[in-house]
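In the two complexes below, chain A is the common chain; its partner is chain B in one and chain C in the other.
Now for the complex of A and B:
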């Protein structure tokens, strides 16, 4: 079973005609370029040198257009280099959550009955706990590191995506092509992943784009709270956490510019997600 | 020119020397011979219990040209400048005579890390509050003098292993009951198992060997001689505030917060844990507190940025302690008065010497050689610090040896050479520490410095609970950074983290030569001998590098321009008896 060609081209036409999609996609692509080629683009070493500390908290100037941070490192270089950290972690976490959530949603929706009832209640219980709190608890137990952040966010997203996929599967399983497959005595896994999955792919794609925006925000929230990367790594959330205490002294630049970077990426991803949602619905 | 001595002075000096113990006479001899400075003479004299009036007379009568005029270059300076005349009423404070004692003082203090409790207190937030309502037998001031407070005097036996403290008479607690020797014994019996355990170990004290001779006399018998023992019962051992013996009958964790019993200048009025505390003047204080304000309102701030904002908005009069990074906004402000005192507080960057790669001292030396210490002080501490040389004997301690090994400075070529000699190429190791003042930034700069010779240090920065429980003494093959607060003598620094069986030996360093040297140092009554032993200790530690001491940290206080009378110590004690807002 495949998605109709006409439908796919129609969606692409909708996307191409969407100004918000192009604005969002352009910004995302720019950040992707920084994430991949940041090492060659940044004017200074984002990790700095020990002697840089003598130039701490210098305001924006010709030498340092976005100023320096508390250890004298170039803020522009750290903002550009920080794209890699957040995009890598958020993307990996979203992919992980989407894979697990899709598999779980397919199983729960297709099985129905008591399996659906029990697993749905368990998923509801997970969803009732705030995302960041769940992440903090898990990272406290596992220990804060990049891999842990990916796994935790991926697992936290799993029930959310599973609920959405389950709802789509519940609609699909009533349709004739599923009944026909069952009458053919096709293997259940075959029915799930070959028959039903392609027909709920739209839902999964939309969910993926929406979750990516949330993942970026969650990654940065966790690193702001100290549950992310080690302190020397350029990370937007951590940069804000390390410097907000200096705001009272008028040292706004190490906080403002990472915040602007976060806002631009999250808004851009959400613009893309909105456009994709409209195109697929 | 030698000071002229009258016949009357000589006779009085002779009389003093006849009554003096051999140890007291030895110190007088050292001073008279010009071996120690006037300042060191007074410090040593106060430690072994010589009265201030005797010290003052002998200091003048025996003055040599050098002895009479020498002061510690760059030595401690305080906001109040207490000298040694600070009697029991001011615990070292001076300066604001003429204050009316009216009004309230508003202070922003560090949030206590837990219930305020004499047994469990291990942080500056709690000790600063304990010191408002409670007092110690003696007060260790910012200039390393030991000021008698609830003990009027003390003296050792000839072998320095029995110390007798004579308690001040007429002292009452806030509820009007008298302070007696049994109270002192009860305190030092009940705090032994708590945070002060390392101090007991350092000074060789066991609770069974503390006895009340009579209502006004307490005797401590030590496991081994110790010439600095009075610091054990001073504010340096901040758990040892004196409370009524009855307090311990129903003691439970945090029960101190019910009434905040003590003999101090303030009585608790209201306490909201973690938020605020207010105190009123102790109208029945045993000493002279006429100039004391009527009220003290303390607001706790977990975040220095919030304290700075409150200060800028005029909601607090004084921040008794702030870090150079947290207080950056105020350090250059014309609307704030900044005062600092050099202290022995330092960060120990320790190596696990029990496992590779740091079981090879060449590797430890190599890491130490990557640091530019002056850059660290200028960058991280805004210049508020003094350079360390990989041993904890602060240059302002009287027993510091000038014959110390040459100051270790950044030398990347030498560092690389040591690593090559050790057969190590590029390697990785964990560096664990806690969120505290500038320590997280220090960890990053140490990692960046080590990276210059191919060492990758993977940083782990944790809250203090996680760090102390899971990493401090445990992780093998790692480095770590831990903070050591100010002390009036280096004994705790030299014992707990360095002795082979030391309870805080995070570097797992075992060295019998060191253990032997330290035991000689601790029992030496003679400053000359202590200096000589210090020199050997300094050289040994600098060579072995169980930990790096990159710098010693100044204590910074900030007050409103119209505020005066703040006295602080490097440890974090806050004395506001003479504080006033004009």
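Now for the complex of A and C:
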């Protein structure tokens, strides 16, 4: 595009002026606080105690504002503690994908040619099946565990992010500062990581926030389907999976509250991603 | 145009071949000892060996791959371990069920999202626009099992208007079956709406700002005619391609929706195969899903280029 490139401070000003961004960011920050300090905030032990079995599926009340689940555990405590599981897994997967994707994109964009074509074909193959199915396949093959979820999502994100970074590198390569660096016979890796990388940082930031939304979605979908989380861990997807069978019996609280938590987090992250894209692109 | 088609089909085939290698790695190489993975740690070595011999997973990897892919081309994907039936038969039946659900979702979402996109573009920056764009984005990103839960709570549990499961009793008529499919289809509609509406909105805005629209308005044509004749005809072109390209999201959504509403489609089949470590069924199912996706993307590209005279008549394309 030939639109004059906005300066860094202008971009932040656009972002700061966006109501969408603030609404999203506030909700995300609240969940981050719960994720970090959940242990000190939760009124009951999220993992439950043997005595809980006496209070199975109790309606929301003064003692348990969001009720108790099928094993008598406090739903509020589990919802608050559940923030940690999804956020650490999604964040780790996105960071992994962004690091590898950026490195790969820089190299491929700089190298060009056949390497470029191969990457595009592999990306197409990966994208022919939905991420949830890729995740199920890989977790079945490798054995289900949280670490596997991080690796699989990070691995699938790698070519996707690489493609975006590559496109940005291709347009940077034409610019004078790169030519100058090459004429100066700077080391290619130096040019890539010290000269070009800071100039494609915006693209990477946008890509990161968008991918984080997808990662949260996928992590929760996989745990809902029963992949990648141990049954006792407080996880929103798993909580819904374990309790939606009780809905028709009128026990809505162990299902609805984690569902609301998921909806608030994914919508908030995507509002942030959307306003970041608009400000930075 | 001819060269474009040949090139496009070639690319789809290369992608599918690559996908088959990835699926093979995932289902035969990564699990290590397939027989051991299926039978678990407590099975005797003898029974593991017997299963590996029956599945053919004791042979060299290259032989296994060529055998599998050769069968796939002729429509033989082996037998499911847990269901003891040909994978092709199981996948075929499940795909048919999923197609019914997907078709219902598309019948609802396409007119709805196009209408929403057009309204948002015509009332740009107004409340309707905000509702369609922000609401659409939010609906797209909320996982299907969350929106599904809320739909079940409201329409099945509280109001009692619609059934909360997708499978109608055996032998029930078309209308009963349809009633059971409405809530699951609505989950898919919520996911697909935002993106199609956004693309429609962008297309309409672009067409509204184009020179031919200005000319038509300056000629003194009434606004409604300008919109119908000039704007929509040009704006809906990209939308058509986008609708077909949504099949990927649809299949991803089916995995979750079919599990939530216990509907016997391709999504539920794959989840079951993964849970039971039924590798032949999983491999065959994923490969078929990839093929369905590639074919729909191919149709999307071809229909777009056929509808777009700039590509159709462009020659080299």
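In this section, the second predicted complex is superposed on the first by the 275 of 281 C-alpha atoms of A that agree within 3 Å, B and C clash if a C-alpha of one lies under 4 Å from a C-alpha of the other, contacts with A are read in each partner's own complex, and residues count from 1 in each chain.
We take it that contacts are C-beta pairs under 8 Å (C-beta built on N, C-alpha and C of every residue); 3 or more make two chains touch, one makes a residue touch a chain.
Note that the coordinates shown come from a computational prediction; the quantities given were computed from them, not determined experimentally.
J.: State whether A:240 touches chain B only (first), chain C only (second), both chains, or neither.
T.: The answer is second: A:240 touches chain C but not chain B.
J.: Using the superposition described at the top, determine whether chain B or chain C touches more residues of chain A.
T.: C
J.: One more residue to check, A:170. First (chain B), second (chain C), both or neither?
T.: In the superposed model, A:170 contacts neither chain B nor chain C.
J.: Contact-wise, after the overlay, does A:231 reach chain B, chain C, both or neither (first, second, both, neither)?
T.: It touches chain B, and chain C stays clear.
J.: Quick check on the superposed pair: does A:99 touch chain B, chain C, both, or neither? Answer first, second, both or neither.
T.: So A:99 meets neither chain B nor chain C here.
J.: Output check: A:54 vs chain B and chain C. Expected answer is one of first, second, both, neither. What do you get?
T.: It touches chain B, and chain C stays clear.
J.: So, A:15: does it touch chain B (first), chain C (second), both, or neither?
T.: Neither: A:15 stays clear of chain B and chain C.
J.: Look at A:139 in the shared chain and tell me whether it touches chain B only, chain C only, both, or neither; answer first, second, both or neither.
T.: After superposing on A, A:139 lies in contact with chain C but is clear of chain B.
J.: Once the shared chain is lined up, is A:259 touching chain B (first), chain C (second), both, or neither of them?
T.: second
J.: Identify the partner contact of A:128: answer first if only chain B is touched, second if only chain C is, both if each is, neither if none is.
T.: In the superposition, A:128 touches chain C alone.
J.: Once the complexes are superposed, what residues of chain A are shared between the chain B interface and the chain C interface?
T.: Of chain A, residues 226, 244, 247-248, 250 contact chain B in one complex and chain C in the other.
J.: Enumerate the contact residues on chain B facing chain A in the complex.
T.: By the definition above, chain B touches chain A via 303-305, 308-309, 312, 325-326, 328-330, 371-372, 375-376, 378-380, 435, 440-441, 443-445, 447-449, 451-452, 458-461, 463.
J.: Would you mind writing out the residues of chain C in touch with chain A in their complex?
T.: By the definition above, chain C touches chain A via 11, 14-16, 18-19, 22-23, 26-27, 30-31, 134, 137-138, 141-146, 149-150, 152-153, 156-157, 164, 248-249, 251-252, 255-256, 259-260, 270-271, 274-275, 277, 279, 282, 286, 289-290, 293-294.
J.: In the complex of these two chains, what residues of chain A are touching chain C?
T.: Its residues touching chain C are 20, 121-122, 124-133, 136-142, 213, 217, 220-221, 224-227, 237, 240-241, 244, 247-248, 250, 252, 255-256, 259, 262-263, 266-267, 269-271, 274.
J.: Please name which positions on chain A make contact with chain B in the complex.
T.: Its residues touching chain B are 47-51, 53-54, 56-57, 70-72, 226, 230-232, 242, 244-251.
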